[in-house]
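As structure tokens, here come the structures.
You will see subunit A twice below: alongside subunit B first, and alongside subunit C after that.
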Partner chain A sequence: MEDLVCPLAVLPTAGGDREGGGSRSDCVSMAALDLRAELDSLLLQLLGDLEELEGKRAVLNARVEEGWLSLAKARYAMGTKSVGPLQYASHMEPQVCLQASEAQEGLQKFEVVRSGVHAPEEVGPREAALRRRKGPTKTPEPQSSEAPRDPLNWFGILVPHSLRQAQASFRDGLHLAADIASLQNRIDWGRSQLRGLQEKLKQLEPGAA
Partner chain B sequence: MNAHEGRGAAQPSGNRSPLLRACLYGAGVFTWRPCCCSCACPGMRLGELRMPEGGVGPTGSRTAEAGLQWLLVLLGELCPAAGMAGRGKLIAVIGDEDTVTGFLLGGIGELNKNRHPNFLVVEKDTTINEIEDTFRQFLNRDDIGIILINQYIAEMVRHALDAHQHSIPAVLEIPSKEHPYDAAKDSILRRARGMFTAEDLR
Partner chain C sequence: MELCFYNSKNGYLEAILRGFRSSFLTTEEYKKLTEADTLEDLKSILEDTDYGSFMMDEPSPIAVTTIAQKCKEKMAHEFNYIRAQAEEPLRTFLDYIAKEKMIDNVISLIQGTLNKKSPEELLSRVDPLGYFPQMKSITSMDVQNSHDDVLKVLLIETPIGSYFDKYLSTNTPNEKNNVSTLLNDMDIEILRNTLKKAWLEDFYNFIRKLGGKTEEVMGHILKSVADFRVLSVTLNTINSSLSLELQKDRNDMFPCFGYLYPEGTDRIRKCWNNETVHAALENYPMYYDLYEECKQFYMKNENMNENKLVDNNIKSLEDLLYVKLVKLCETAFDQHCHFGIFYAWVKLKEQEIRNIVWISDMILMNRKECIASIIPIFEPQTDL
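This part shows the complex of A and B:
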């Protein structure tokens, strides 16, 4: 309570202590008013975030459902066992990754970015030299810094269009998932801020509580 | 440094400024790589261009494409200065076959002999202990930013989800084919619902 005393209250006044006491209560009520205003704006922001979260969730669910439907169509075209865990590669590298940034203290924001760059396909011989028609040719080992392989290639070279559509739907879903995760963090952060402000308000106005 | 010095993996001539240097050569972009103390040509970095005989710089649409891609890489390298992680975090997924296959198609999968996978396909014979162990492993990993989990699976390990209070990794509950999304069961929304009491609203 003492650290919330208005600095004006400690200045000497012509009326003595009585006026100083009145100024102190005015300062407290001013501080309470400011806190209430801050609480209101935080509450409005939280409600807006919740509404946005609900909207993005609905879109994410729709994208995921579209992806399932496309996967089912691809399975119908390629065979029941042709689209599933049996086709997963034994070595995978992520094509997309998450960039996490801290906007404010304790507030994380996520963004999905593509990891690495795709090297354009090089057509033609690598070296301007004669090809050896006899003898084993030693192909160079692929460098570890190569671009990650498209997961579509797990399922064959010519995949049906529905599988590409499924990939597009789930990629959209990943971007939405990052937005939703950021919103969830913001809501949690806002919740903790709200509780802190409510505690301060209770200290200022114990009678009202 | 003139344009000719930037070709190939040229060694710096002396001025080793720690600052990031970028210049445009035609449509190519060069950058300073302090980790290896060298300048790199887009072709060398990306591995797709080969210098033709005669020492004449690369021309044509490939150079333009390489330059644009290199600019994107350069911007990515500038991101750490803005507070963003260098490599980025992974997205993990725990779900049924279709959910995991779909998100792996999206490109989030990581699997190699040195590291554990960042996904788990939950089948009929997958036990709750396995799911919980995998979930806790994902929570303890520093390289995972988001965990996607089907809501019906999240219900099996609800106690572990509710105990997780950190902002990273974020846990997102998603629907499954047989179980649509129910907002009433979501941990985050349940916490938000309990934000206010009648006393707070006086």
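This part shows the complex of A and C:
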């Protein structure tokens, strides 16, 4: 609050208390104006983010739907037996990881990145810098010493194009999901900022609030 | 004379099969299926068709894989009824039809065993048409380490052992090491396609020895199937990121017969992208038109808006090939006294099951507008 007091108010004036009081209310009005401007700007940003979130959610839904439809087409082309749980092991290594990093203003941002070839316990889940290693080094099992297989190859190499389309749709969806999470974080942050500014405005202009 | 001898040995079974021909789902029945909102509704509608109470004992909720499996079991039951009463050479002909499914079953069992699936789960998912008792031993094999047992089962105890033998002898020198390489490093899909190629060539040679109308009808169907395989393998590899590495493997999978063989196949062997395939098919109008119709499916469409990555109206090569196969098989029923109708019936039944599974998937995904892409079988011709 001390920051909002106009420096003119502390200077001695010949006009006595009334002039000093008028200057103070001018300062408060200016501060309130600045606050309102900041509030408006934040609100516009928030609405823009909400619109972007709505758009990305629609695209994510479309991608996931298209992915499932392409999977159904692949089952039609290859047979129900050829596209199912028999083609993959119960245990699998992840191809991608979610990397959380701090952006400006302390906001957490999420990004989908390719994981390294090492087993998960050798690489910390919070490591921001991912190391790509060329070949097998310390892994005991021969399967995990190779570069991770493209999941598409679980179903064979001569897979129909619809299966590739399904993979592309789900990959896009994965990146979108990370963007949506980052956007939601930003929106939550924006909402809390908005509430804070509204509180300050209420204190500055109790009548207007 | 052919009519007389044929009818005395196979007349009854052909009559049974022509009875089965009338059991295919009609346009009205497909329409009712598309109106189902849940898989339970679909099951009730199928009970009013020739399928009857085939899923009576299945508990709710029903899965799409259960529907597919039960449909296949019904088909296999009818097929085995015919096979049990068939005399030679029809018996061997029907065995060839079953061998195609045996190849699929053996490969699935090997793949599932490598992925450490339980034997019960694996055996519940095999195609009943390709069932043979010795295949159960595959699920208990230590496919990673026990080479001798694997050899014994794959090469000796399976009815398709000769195809494995042929594959191993033509591709790799040392027999024992081949099996470990086969099951650990070699892509199982390439193995399946190579076995299918061996089976197709063997079947075609058998048909040619039979001669007569069977050779005429089945020869045409099998040559077309061989061409379809060439096109399918080619398009699936050139659109893969591994196309150059796969080229040699791909070319080894092309059958040594068909309408495209040998000149068309030779030109296609050298193709590495969509344009070269386009050029290779110029002398074959039917396949050229087929490729023209589906090539958009394999090319990136830059006019797509960002909300739609896949255009559902563009058909893939597999969709168009299934349409062609259905037409071929329907035509087989126009003639009498040949074995082609038995093969045609199996293929048409498989298409019907694909249709039912597709409808079930679309009901589950609430995408009923996509159901129209099913292929009707023996659709009444209204305009001549």
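Here is the rule we use: the second predicted complex is superposed on the first by the 163 of 209 C-alpha atoms of A that agree within 3 Å, B and C clash if a C-alpha of one lies under 4 Å from a C-alpha of the other, contacts with A are read in each partner's own complex, and residues count from 1 in each chain.
In this text, a contact is a pair of C-beta atoms (placed from the backbone, for glycine too) under 8 Å apart; a residue touches a chain by one contact, two chains touch by 3 or more.
All values derive from a computational prediction rather than experimental measurement.
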- Item | Chain touching more of subunit A, residue-wise (subunit B, subunit C) | B
- Task: Using the superposition on chain A described above, determine whether A:Leu194 touches subunit B (first), subunit C (second), both, or neither.
- Result: first
- A:Leu204 contacts which: subunit B (first), subunit C (second), both, neither? neither
- Query: After lining up the shared chain so the two structures overlap, which partner does A:Trp68 touch, if you call subunit B first and subunit C second: first, second, both or neither?
  - Reply: both
- Once the structures are superposed on A, label A:Leu86 by its partner contacts, choosing first (subunit B), second (subunit C), both or neither. second
- Task: Examine A:Cys97 and indicate which partner it touches, taking first as subunit B and second as subunit C; both and neither are also allowed.
- Result: first
- Message: Just to be sure I read the superposition right, which of the two partners does A:Ser169 touch: subunit B = first, subunit C = second, or both, or neither?
- Response: both
- Query: For subunit A, which residues lie in the overlap of the subunit B contacts and the subunit C contacts?
  - Reply: 65, 68, 84-85, 88-90, 169
- Note on the structure: subunit C residues touching subunit A in their complex are 64-65, 68, 104, 108, 111-112, 115-117, 121-122, 125-127, 187-190, 192-193, 232-233, 235-237, 239-240, 242, 246, 250, 297-298, 306-310, 312, 316, 318-319, 354, 357-358, 361-362, 365, 367, 370
- Query: Of all residues in subunit A, which touch subunit C in the complex?
  - Reply: 58-59, 62-63, 65-66, 68-70, 72-73, 75-77, 79-82, 84-90, 153, 155-162, 164-165, 168-169, 172
- In the complex of these two chains, what residues of subunit A are touching subunit B? 46, 50, 53-54, 57, 60-61, 64-65, 67-68, 71, 83-85, 88-102, 106-108, 110, 112-115, 117-122, 126, 128, 143, 145-146, 148, 150-152, 163, 166-167, 169-171, 173-174, 177-178, 180-181, 184-185, 187-189, 191, 194, 198, 208-209
- Item | subunit A-touching residues of subunit B, taken from the complex the two chains share | 46-48, 50, 53, 62, 65-66, 69, 72-73, 76, 79, 82-85, 87-91, 97-113, 117-118, 121, 145-146, 148, 167-168, 170, 172, 174-175, 177, 180-181, 183, 188-189, 191-192, 195, 199-200, 202
